[in-house]
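Labels run A, B, C and D following the written order; every chain starts at residue 1.
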Amino acid sequence: MDYELSPAEAAWRDEVRGFIRRNVDPGLASETRLKGNEGRGPLALRFHRALRDAGWWGIAWPKEYGGLGKSAVEQWIFIDEIESAGAPMLPLTVTSVAPTIMRVGDEQQKREWLPRINEGGIDFALGYSEPEAGTDMASIRTHAVLDGDEWVVNGQKMWNTMAHSATHNWLAVRTEPDAPRHKGLSMMIVPMDAPGVTVQPIWVWPGLRTNALFLDNVRVPRSNLIGDRGAGFYYAAMALNFERLAIGSVGMGRRMFRNLVRLVRERVVDGRPLKDEPWVRERIARLAADLEAGRMLGLETAWAIDQGRMPAAESSMAKVFVSELVQRIADAGCEILGLDGQLHPEEPTALVEGRMQWLYRLAPMLAFGGGTNEVQRDIIGFLGYGLPRK
Amino acid sequence: MDYELSPAEAAWRDEVRGFIRRNVDPGLASETRLKGNEGRGPLALRFHRALRDAGWWGIAWPKEYGGLGKSAVEQWIFIDEIESAGAPMLPLTVTSVAPTIMRVGDEQQKREWLPRINEGGIDFALGYSEPEAGTDMASIRTHAVLDGDEWVVNGQKMWNTMAHSATHNWLAVRTEPDAPRHKGLSMMIVPMDAPGVTVQPIWVWPGLRTNALFLDNVRVPRSNLIGDRGAGFYYAAMALNFERLAIGSVGMGRRMFRNLVRLVRERVVDGRPLKDEPWVRERIARLAADLEAGRMLGLETAWAIDQGRMPAAESSMAKVFVSELVQRIADAGCEILGLDGQLHPEEPTALVEGRMQWLYRLAPMLAFGGGTNEVQRDIIGFLGYGLPRK
Amino acid sequence: MRPEPTGEQRELQEAVRGLLSREVDPDRLLRWENEPAACDPVLARTVAELGWIGLGLPTASGGGGADLSDVACLVEECARGLLPRPLLGAIRSADALATLDPADPLLPDLASGRGRLALALDEPGGRDPRGWKTALSGPRGARVVDGEKAYVPDAEGSDVHLVAARDGGSTAFALVDRRTPGVSVQALRGFGGDRQGHVGYRAAAVLREIAATDEALARVQRRQAALALAEMTGGMAAVLEMTVEYVKMREQFGQKIAVFQAVRHQVADMGTTFTAARHLAWQTITRIAAGAPRDVEEASAIAWVGQAFKRVCWTAHHLHGGAGFVVEHRLRFHGERAQSLCIRWAPEAPALREIAAALLD
Amino acid sequence: MRPEPTGEQRELQEAVRGLLSREVDPDRLLRWENEPAACDPVLARTVAELGWIGLGLPTASGGGGADLSDVACLVEECARGLLPRPLLGAIRSADALATLDPADPLLPDLASGRGRLALALDEPGGRDPRGWKTALSGPRGARVVDGEKAYVPDAEGSDVHLVAARDGGSTAFALVDRRTPGVSVQALRGFGGDRQGHVGYRAAAVLREIAATDEALARVQRRQAALALAEMTGGMAAVLEMTVEYVKMREQFGQKIAVFQAVRHQVADMGTTFTAARHLAWQTITRIAAGAPRDVEEASAIAWVGQAFKRVCWTAHHLHGGAGFVVEHRLRFHGERAQSLCIRWAPEAPALREIAAALLD
């Protein structure tokens, strides 16, 4: 039994922290905050360039694809530190799509896409959800028909979050209409500038932008279908598993909590230091313990990957626990700050930059998004404990 | 909108309290405590006789059957006060079986059983559960076959709690083997002294006795099948609904909580009054608010009955909420009393007579017994909010 | 007991529901959110003309003379139908003034909608009246108020402020024209654009002052809390109803999601929470209406109902998923109101402290 | 990092599991519960002979010389297999003595099972060492102890008591023969017949005394808590495992109850709780073993793991229904230990206080 970072892991963490000290300034943190950690503002792009210059774009990519070849634990450390610092995340292009292409693409596809991703020239929006297909991806209706050497794509996607700034869409489409629902999907890369692609903004509760994506007779080369026809459902699941690893990190929760704690230490309300309120002390202590529990779940998931296991149950545990914990942090923050905490993030006098009420509005998405927590709990039961389906 | 007891209800409550003052003494409370509120000790029998003498046996029974004809709210007030005083409950014979017989029995059956119940000459054990049929009553295997004018009963019942002191069993048996599962059951009264009836004790966690009941070619008169053949599933559900009304009362929780509060006010631990511990104060306050919420759910259920509704969803709400609340009370009690609270109830120095650790052991039963909370939540969804089954 | 609205109250609620279902929809709410007044003047006029703002005011002041329970029924239904917050605030603040002085000459203007009143209680230093620093001074007939009030709802959109202040050793309320020299409002937006303001009063002339005991202040606050409870039960009812509808309609994995036991059980828990909260709330509202003294049940309602509303909203958001997450969805308005009502009128910690003190000290 | 037992630790656990699956079953546990020693002497001898009690004691004292992590692995597996509590207590108290004095002459007797030691810390007045009144007095060579200790585990079944006492201004431990004049034990039963005692010491002759700083006392208590964490993760593992088995086997409504989503999700939450708790516990155990100073993570483990164990047991009881509720079922032994371990070694409130102080003060 050993829970300490190895010397190499600790050195890596220090290296990451050094990089953050050099490359994250209040301007970047503020831009990232205003864009809700999803934007691509000029400072974020500069930060991403610095990551690439450091050779840190594909941290966990094998070296043969230009990556650093770091372990999953080391990638987890990186994500945790980045989130904790409030810096822009690595794009899902790098952490989710690229690793999937590495595993399922043919040689030509790898040569075509991976170097461009590595250079920062490609940024994907993720096209899984549709109006009638949320967590239930097998219901996807967007379809593509082969016409000569081109696929002709028609349909609509929802929650296509980066569509307005992305260069391409990583699209789940139905290519085998006669196959069973799960076997009829393929993954396809669609350039955003292809004729027939339209993007319509959707604004959601925390003030973030996402998009609806419309595809009207969009033509893409035959070779843009990645891997095997009909295997899209499994590829998307693989990509989502890579994605969940990042969601399960408690870095953001730690950052929000740290800001809250700092404020509690300083504030005086009704003539009394806020930190002397017993209920505030208890809430803070509970959240700290919960964050430590969440950290353990994330770290174990990463460790299991390094042991060569596919930790589906573990990553679901981390996702469920952390998403529900963030909600508790947000609610505690709102209650502790009281009237001071309910100001809109754009109000200059909003405490902790309005993050507590923002987090309160964001938190539901963490639980229903990325595969609802119900499905995650099903996965834990089925894959973690072998419970029967019938 | 009005939440105050009417003058008549308030007068009734005062009358009940007066009766309790006259008839409940520490000896009775102590006997009831040691028997876990399920026994029939001599003092309990005396108390029951006093209830009968006062004409209070069939409080909510129509006057035509010798009852008081009180409303459901008035019965709820009575149960709440009795439980809160720690006095023995009205037997389920009176509150669950008799009202069912009144509604479904034929005239001869009513004449045969109701007066004897009213006189205290009949006490039923409830024979629903079997080893393979817990909450799922349609799986009952105990069966009865008509042989001339007698039913011949064979099978086994579990959790037949009063069997060792009861005069009769109120038994769910399969009489129509060829009918669909739900339509094949009937309710039958089996005297405990009939040849072929054996009782085997089962001791459960809180130290209470329940029983397994074995029926080996037990012969009962044909007329002991109550109401219609094949309708037993529905009759049992009706009886269980009557029963749940009593379970949903927060009286016991109130009593345990009151005792805990009294102790917290008095005790000094580590040189400091227990009541000055902020976490103790918060736990106590939360439980008080929850008890009030539970009281509301119970009271509304009773009120709905008086409006002529069948409040299946409401009574399930009360059952779920109160059973889970009792667990929180027990756990808070154990934590607040610390080492002082973990002594066995039979230790003379055990605080609040060891009730907190006893309640901790009892509480699970309240949630899985009487129809598991999962089934109750299903009922709330189906009947309360019209959610579809398929 | 009769834990249901009377026939008259039900009629009132149906009328409100009818109007709001026509006049309020998410697109309009979203538009109003971005307008300075955070509300439509036509709707404001309609609501006043229908007598909603004056419902609980004395008939002599142009009001409906209804008691707090009736006003709470109105407010419950208004909250259910997402009446814009400034209009709910108008009902609230009119109640505060009438509680302090049922014959105040401003009341007819409030009832008719010609004037709007903002209730200025809390200060930057906190919410405990004993710590408030805003004070009255000056000779009779030339009284002025000095101080600072924080998070005053509708501070900018209102015509008159009802300002809680110290007057020597006792409490008083000062009515101050929002446009009088010395009054400066810094507009602030809360949850979802909710309009509030920090208000500075610098030797601001007092229109009229109302001497008030600490008890009178407490009475005002209890009634405000009662109306908040009604807002919360109304919001909860709407959220539960829309969630039940949604899970019956939305399909995933080839079936209505209501068929999944995990979904059904979440709906069941929402229902249980709502049912208990509604009765806790209304027990307290009716007791306050009847003039009963504050009791443990009242503190229990405060502690419980706000948390219940948040829990119900949280589950509703979870079950709606992305569909309820777009800014145009009614659900998110309720989610914002849940937290902000809770923070302002039903914070849990002081209510729990009060219960503990009653039971243990 | 390597959040898993080493190969050697795994072998140890398998050996333990093998023995306990043969020697401990619910019927025996139930019988022992009603015997004065609350434990079988044959089993006690076997356990000592296998070197379990001495595992962590110095080799010079006949022990195995293993570190705290190894002892915790042993204890985890013993708890999983429901080793009777007096024997778990014997491992615990031997560790306490060896922590205070690794060369104490009693240690070989403890390792061999010839002697059994009870750890007498808490007093009727409370658990805070600063308030303890038990004191040493008398001249060198004729020292006596006076005072009262409460809820001493195995007070009657042990041969020697290790009594925390004041010695002037500082702390000391006194070894006292349980049968020496002046020692009176009032036997008490806790959860499920757990043996404890109130012990009075009236001028009871001291066998030997061990001067101890407050830090030494704290070290003893931290190691005791670490072993309690191991007991809890062992218990949780057993409870989770038996519940998974049960829901896969039990049928209701024509199917395995595991197929019901509400059941599946409860199992999933048990699993998540157990997984997080296990890592929290072991992070702390290994840090204490390595001599690291107490940190927020350690307090977090204390606050979290005990509550987790209770939650897991509660869900397990719920899913087992009546089948797990009979006194002969293993589950209820774990349920009792969960609450009593939590009360004695992992109370939540002080741990939360410690975390809050570290973060806020």
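Operating definition for what follows: a contact is a pair of C-beta atoms (placed from the backbone, for glycine too) under 8 Å apart; a residue touches a chain by one contact, two chains touch by 3 or more.
All values reported here derive from a predicted model rather than from experimental measurement.
S.K.: Among all other chains, pick the one whose mean CA position is farthest from the mean CA position of subunit B.
M.R.: A
S.K.: Have a look at B-D versus B-C and report the one with more C-beta pairs in contact.
M.R.: When the contacts at B-C and B-D are counted, B-C has more.
S.K.: Centre to centre, by mean C-alpha position, how many angstrom separate subunit C and subunit D?
M.R.: 53
S.K.: Report, in whole Å, the distance between the mean C-alpha point of subunit B and the mean C-alpha point of subunit C.
M.R.: The answer is 42 Å.
S.K.: When the centre of a chain is set as the mean of its C-alpha atoms, what distance in Å lies between subunit A and subunit C?
M.R.: Spacing between the chain centres: roughly 38 Å.
S.K.: By the touch rule stated above, which residues of subunit C touch at least two different other chains?
M.R.: 260-262, 265, 352
S.K.: Which subunit B residues touch at least two other chains?
M.R.: Within subunit B, residues 279, 281-282, 374, 377 contact more than one other chain.
S.K.: Taking the complex as given, what residues does subunit B use to touch subunit D?
M.R.: 129, 132-136, 138-139, 158-159, 202-205, 269-271, 277, 279-280, 327, 331, 334-335, 338-339, 341-344, 346-347, 349, 357, 360-361, 364-365, 367-369, 372-374, 377
S.K.: Quick one: in the complex, what on subunit D touches subunit C?
M.R.: Checking each residue of subunit D against subunit C gives 260-262, 265.
S.K.: Given the complex with subunit A, which residues does subunit C contribute to the contact?
M.R.: 122, 125-128, 131, 150-151, 188-191, 193-194, 198, 251-254, 260, 262-263, 310, 314, 317-318, 320-322, 325-327, 332, 335-336, 339-340, 342-344, 347-349, 352
S.K.: Help me check something: in the complex, which residues belonging to subunit A touch subunit D?
M.R.: Per the touch definition, subunit A meets subunit D at residues 1-6, 9, 73, 261, 264-265, 275, 281-282, 284-286, 288-290, 292-294, 296-297, 299-300, 303, 313-314, 316-317, 320-321, 374, 376-378, 380-382, 384-390.
S.K.: Enumerate the contact residues on subunit D facing subunit A in the complex.
M.R.: Its residues touching subunit A are 1-6, 9, 69, 73, 244, 247-248, 255-256, 258-259, 261, 264-265, 267-269, 271-272, 275-277, 279-280, 282-283, 285-287, 296-297, 299-301, 303-304, 351-356, 359-361.
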